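Take a look at these structures.
Look for chain A in each of the two complexes below; its partner is chain B in the first and chain C in the second.
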Partner chain A sequence: MLDNTNTKVQLEGKVRIPSGCAISGIFAQDGELFSGRDIITSIAVMHDRSNGLGGGFAGYGIYPKHKDKYAIHMFYDSEDDRGKAERRINKYFSYVLSEQIPTQKHPNIKDAPLIYRYFAEPLTEQLEKAQIDEREYVARFALRVNADEDELKGAHVISCGKNMGIFKANGFPEDVGEFYKLDEYKGYCWTAHGRYPTNTPGWWGGAHPFGLLDYSVVHNGEISSYDANRRYLEMFGYTCSLQTDTEAITYIVDYLNRKQGLELEDVAKVMAAPFWSTIERMDEKEKAAYTFLRRRYGNLLVTGPFSIMLGFTGGLMVLGDRLKLRSMVCGHQQNKFYAASEECAIRAICPEIQGIHSPRSGEAVIVRLEENK
Partner chain B sequence: MATIDAKGLHFSALGEQLRDLAGHKVRIYNCLGQRYIAAGIKDITLDIDGIPGNALGAYLGEGSSITVRGNAQDATGDTMNGGSIIIHGSAGDAAGYAMRGGTILIRDDVGYRCGIHMKEFGDKIPKLCVGGRAGDFLGEYQAGGVICVLGLDCGENESPVGRFAGTGQHGGRIFIRTKLLPAELPPQVSYRTATAEDKAILCPLLKAYADAFGANYETLVQDTYLLLTPNSANPYESMYVQY
Partner chain C sequence: MDLYVYPEFEVVRNEKKCICCQACSRQCANLVHSYDEATDCMEADDSKCVNCHRCVTLCPTKALKIVKSDHTFRPNANWSQATINELYLQANSGGVLLSSMGNPQPHPSYFDRLLLNASQVTNPSIDPLREPMETKVFLGRKTPVPPLEANNTTAVPEPYNPDGTLKTEMSPQIELSMPLMFSAMSYGSISYNAHASLARAATQLGICYNTGEGGLHKDFYQYGPNTIVQVASGRFGIHADYLDAGAAVEIKMGQGAKPGIGGHLPGKKNVGQVAQTRMTPEGSDAISPAPHHDIYSIEDLRQLVYSLKEATGNRKPIIVKIAAVHNVAAIASGIARSGADIIAIDGFRGGTGAAPTRIRDNVGIPIELALACVDARLRDEGIRDDVSLVVGGSIRSSADWIKAIALGADACYIATGALMALGCHLCRSCHTALCNWGIATQRPDLVKRLNPEIGTQHLVNLVHAWQHELKEVMGGMGINSVEALRGNRLMLRAVGMTKEEMNMLGVKMAGESA
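Let's look at the complex of A and B:
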């Protein structure tokens, strides 16, 4: 069983562990579904960027048979916690299938919690009563379960989007991929993360990716503005409960993209806003747009080094901080887009790729399925 | 010549083999992301097929030369002491990081912060030449040495370097083959068109680049270069309290 009683009391800033991190992503623009094998091979090359304190993957398009249902992935500390959480799930959702997520024994993956998934839809009556849209209903459910330090302390929502899922653990990413048998899934998009925690403890729930609805974030870096971002987000019902700065990025994206209706291009301009001195040199129209975003959403500016990959239904966004303090390279080959912390992670699965390049600081690279363009 | 198949080889195992091969010519093939290749080694001649990992040639010793048939990743030549690194491709961020001797030649582009913290002492003057373009913060905190960006694929109206070149520079020289001023140049950096006298230190570097990659030295030497240097001996003095 997951014993996080010691680590959970150590809050952000109380623990400091020196740093690194690796991320990788593959996206098939024509929607081809491909196995999780390649993403495991890719992230494994960057083994030395992680220290075994967290690895994880997000896959999109992996549940075609249940693509209209919310795939809720859960971690439970114990059977008792599962019972309590399932009563909560039953109160708000009906589900066509609930099962343990298949895993295989792996010598390097220890202390696994109970790992379950549910293909669920909101109960109509509850949804109508709540008078909110369906996605808000699901997001509120996930946020409340994760913030619950009382009855549902031992239950965590790991992902809750449609036709996607997050698979993560405490361990090296390549071991985590084998543990979850990801080569048996097929998706059009995969992202991966190898963790080298800075400041915060390594634990199952703290591994990346972080997810809310269909958003998933993997992140290499360290957010100096975490507390400022966290406090601002709290005003809108987001409780950062997983002790990692990446969680805040996930909520920033959810708030700006889903709730405020900003395009992802503009979300990137808020998170990695240019300097005022750079804005000053823009033409009037551009200057007005950037000035508005910096003024309106100044509290969601993310400072400090980061490179992130944001997965969402039908697309992938790559973004680096405005000073480019973390590495990221991208490239295309045939129908696929690749991005990773290091070129070797792309070459490992696509040796012949041409035109590998590095996005500029604050430049959002967004790829979408051709059908969605 | 010794050969090493680096497929699946961990960087520490590769490093051990290379340390035993100092003084020899070595070819590494199937290289994929191994870090710290040839770190601190003197008198080794390396030919690398594939993608070496971060900090290629870190602390590289006198008499060593590394040739890469492909791209290099981040922090190429980190704190290198001497010798040469020649990249037949591009390099990632922070190439020439804290370099204190030797020469780095990069055929194509480099990422951000190329030449950050380069330094020099006496006749130990590190030199770095980039054939393509450089990202932002070129020569950040540069204290010495020579950085040159050629922008061979740049048009007349585009700068081969990014924004904030020379931020924190307090020594050394940055030559850019352009007539344009880089964007958002800090006030502590002064610029002028390089004179024949200024170019004296640049010519051997251009010759080395031309020889390594088959460029035309004669035309490169004739071209106009912008030279960035710190605007005084102590450009950041005003930032500190004076007693």
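Let's look at the complex of A and C:
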């Protein structure tokens, strides 16, 4: 329940809360489905980078039975809120299954909201009426529910992509993983996040990853361009209702990749653009492309420290800021790609890994399923 | 008999220091000083002094100072001394009061009540001496050019060519090394040497200066890439080569110092090459009509925008400059939809070479509020990418400049500040054409006083100093590229404002968390 005894402290979304973090990700390039156990073990090593005020995971390939349906994960403050939200869901979607997401009691995880998931598809009639494509339809639904301060105040869309899901809570990430029994799921990609907010009422919805459609973002840092980015994104119907960097970054990716049609490689060049002095030294063709991206999308340049992991269907992108102000290392071993804030988080699950390295500042490392290449 | 107005200033000469060299009398074009041979003494006619400090600066023994007269009327909180004197002047002359430079009235400044942010602990500040700190900007439309007949289509164009490379074509833009330009001041209102200084400094700095409405002297075509050419309602000095000479064309619809009325160059200044450049008869008053007589509405503006685009082969961005007036947000929105690439807004404190005093002091609104509401309005309508916003109207320091960018400006215009770097002492007498500093005058002996080399250097110094300050502040905020400061209103906090004022500016109260 969103049952805050200290009512003077403002909830995330009403106030912007700086935080530091730990992140980790594992990706099986051959599409092997592996249990969520490893990612829990990995993020647990970086216990000291979190402070128990938020942890979460994103898994891809975890719902093979319903892989063509949008897996909508929801938090509700109360049964009443669930009723209201389900009426809204029913208005726009039909679903084959709605259920409580299985959890187990955990001594460190308290104040849980009602946690539900729906495997849904848009109602054809509504979709046609809206005259927008299916993904836009789902995205608008999620954005509107989350920005609703009124009737649906107590309902939050946590994730809404196909064959993926986000699991998050107020607590240390390893405890959150156990709470959701993630070792019972199998996916080809997992990311995890442990949070170190400087001040927070500890709200479940404020934990990360943050997701929209099949995009999920875990992020470590505090971006100084936040309000410039946010105000720009608002022009295109995005409301940063949580006031977090992660949310803004997710929307930047959604806007550039899905709406503007830029490849993720180019999305990275917008967000962590090289300095003009570097662009100056490029060959003509590259210079033209980089210059165009900065001129066209300069409002989505992200400054200040960040390292992020972006999960998407069939792939994972790792990106750091243009000055490399936040740590991130990555490496390959056999069929798997690993990335984390600290090397120890990778060694904990893959001690034999060779050639761990740090991507350069602003360098995007993108791995995709072999079948997609 | 005229009603007597006691001089505002008194010239104080320290007789012990004065060596009767008469430099002061040679320097003062207002003929204040004179030498009395009979007494071997210097004399001064206080009534003519405009307090420009020329004599004070050049007196070799520093024997001079100008003080405000302590002569007084019976104190009256309602009738200030200035109000009484101005009333007498009008009773004498029957005319409109004329004045120049910016609004001197004590209206509240919003810039002064905005404070900037810096990083502590949770994210690092960046040291501009050790890390790159980018100030380069491009001004102009960011979205693809709409053809004249298109009715705002929303379809997103495919970003890649069939061979997989990015489509990199863009609407024409101006590139600036930093988001600052010298605002419009016509050749005529200011001197040849002042223009030369601005043009050369803009070129050295990688920014632009603006011709104003007086055309472009043939000597300055060489600075074209750093020049914005203006088209005002008088259409002075406009021909095909002129339009093509600059980096952009600015349509002047209005000016902050005198919204609603046109430019006015007194015949005294419209002489020689000034008249030639303007293509007007020498010695005649060059008066621009209040409106453009081919623009009575927004559709007409659209036609002029597109004519100028066509005339320049679609290679130059078109700027539309307006004064900040009450309905500025709606007007700006209309301009953004008229095909303009850049909107320039001039606040009510902006300077001028000549304006009716009552208009200068009472018409228009502060630039901070105009900027905040225009930026918000264009975003609400989803068309902020279609135009860049340039603001001016009393950007006095890098602090004002930085705050304007954080409020949402793509760049700022400075003019009064630039003239001060050239020596202007804000005597507000430009309309008399007797500027002792060689700026707002066309009298050759006065113009000569402004050395364009030194003028250029002072302008370059000033702008570099501001750029350093911008970088320091950005670094402190953890921002290393000025795009990320633009519209970043969380970097601003208000002190001493009402809720409405903070709402209008879109900023929070100091002490409030983000």
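One rule holds for everything that comes next: the second predicted complex is superposed on the first by the 352 of 373 C-alpha atoms of A that agree within 3 Å, B and C clash if a C-alpha of one lies under 4 Å from a C-alpha of the other, contacts with A are read in each partner's own complex, and residues count from 1 in each chain.
One rule holds for everything that comes next: contacts are C-beta pairs under 8 Å (C-beta built on N, C-alpha and C of every residue); 3 or more make two chains touch, one makes a residue touch a chain.
Just so you know, these numbers come straight off a predicted model, no measurement behind them.
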- Contacts of A:Ser277 with chain B and chain C, given as first, second, both or neither: both
- Task: Spot which of chain B and chain C makes contact with more residues of chain A, would you?
- Result: C
- Message: By the touch definition at the top of the document, which applies to A:Arg140: first (chain B), second (chain C), both, or neither?
- Response: neither
- First (chain B), second (chain C), both or neither touched by A:Arg295: second
- Determine, under the contact definition given at the top, whether A:Lys285 touches first (chain B), second (chain C), both, or neither. second
- Query: Which of the two partners, first being chain B and second being chain C, lies in contact with A:Met46: first, second, both, or neither?
  - Reply: first
- In the superposed arrangement, which partner chain does A:His106 touch: chain B (first), chain C (second), both, or neither? neither
- Could you say whether A:Lys186 touches chain B, chain C, both of them, or neither, answering first, second, both or neither? neither
- Message: One more residue to check, A:Glu222. First (chain B), second (chain C), both or neither?
- Response: second
- Take the contacts of chain A with chain B and those with chain C, and give the residues found in both. 277, 323
- Residue numbers on chain B that touch chain A, as the complex places them: 11, 32-33, 35, 50-51, 53-54, 71, 73-74, 90, 92-93, 111-112, 135-137, 162-163, 183-184
- Contacts from chain A onto chain B in the complex sit at residues 45-46, 48, 277-278, 281, 323-324, 327, 329, 342-345, 347-348, 356, 358, 360-361
- Message: Looking at the complex, which residues from chain A come into contact with chain C?
- Response: 10, 15-16, 18-20, 198, 221-229, 231-232, 234-236, 243, 259-263, 266, 273, 275-277, 285, 288-289, 291-299, 301-305, 322-323, 325
- Query: chain A touches which residues of chain C in the complex?
  - Reply: 119, 122-124, 126, 131-132, 134, 136, 138, 142, 156, 158-160, 165-168, 170, 173, 379, 382, 384-385, 408, 477-481, 483-491, 513-514
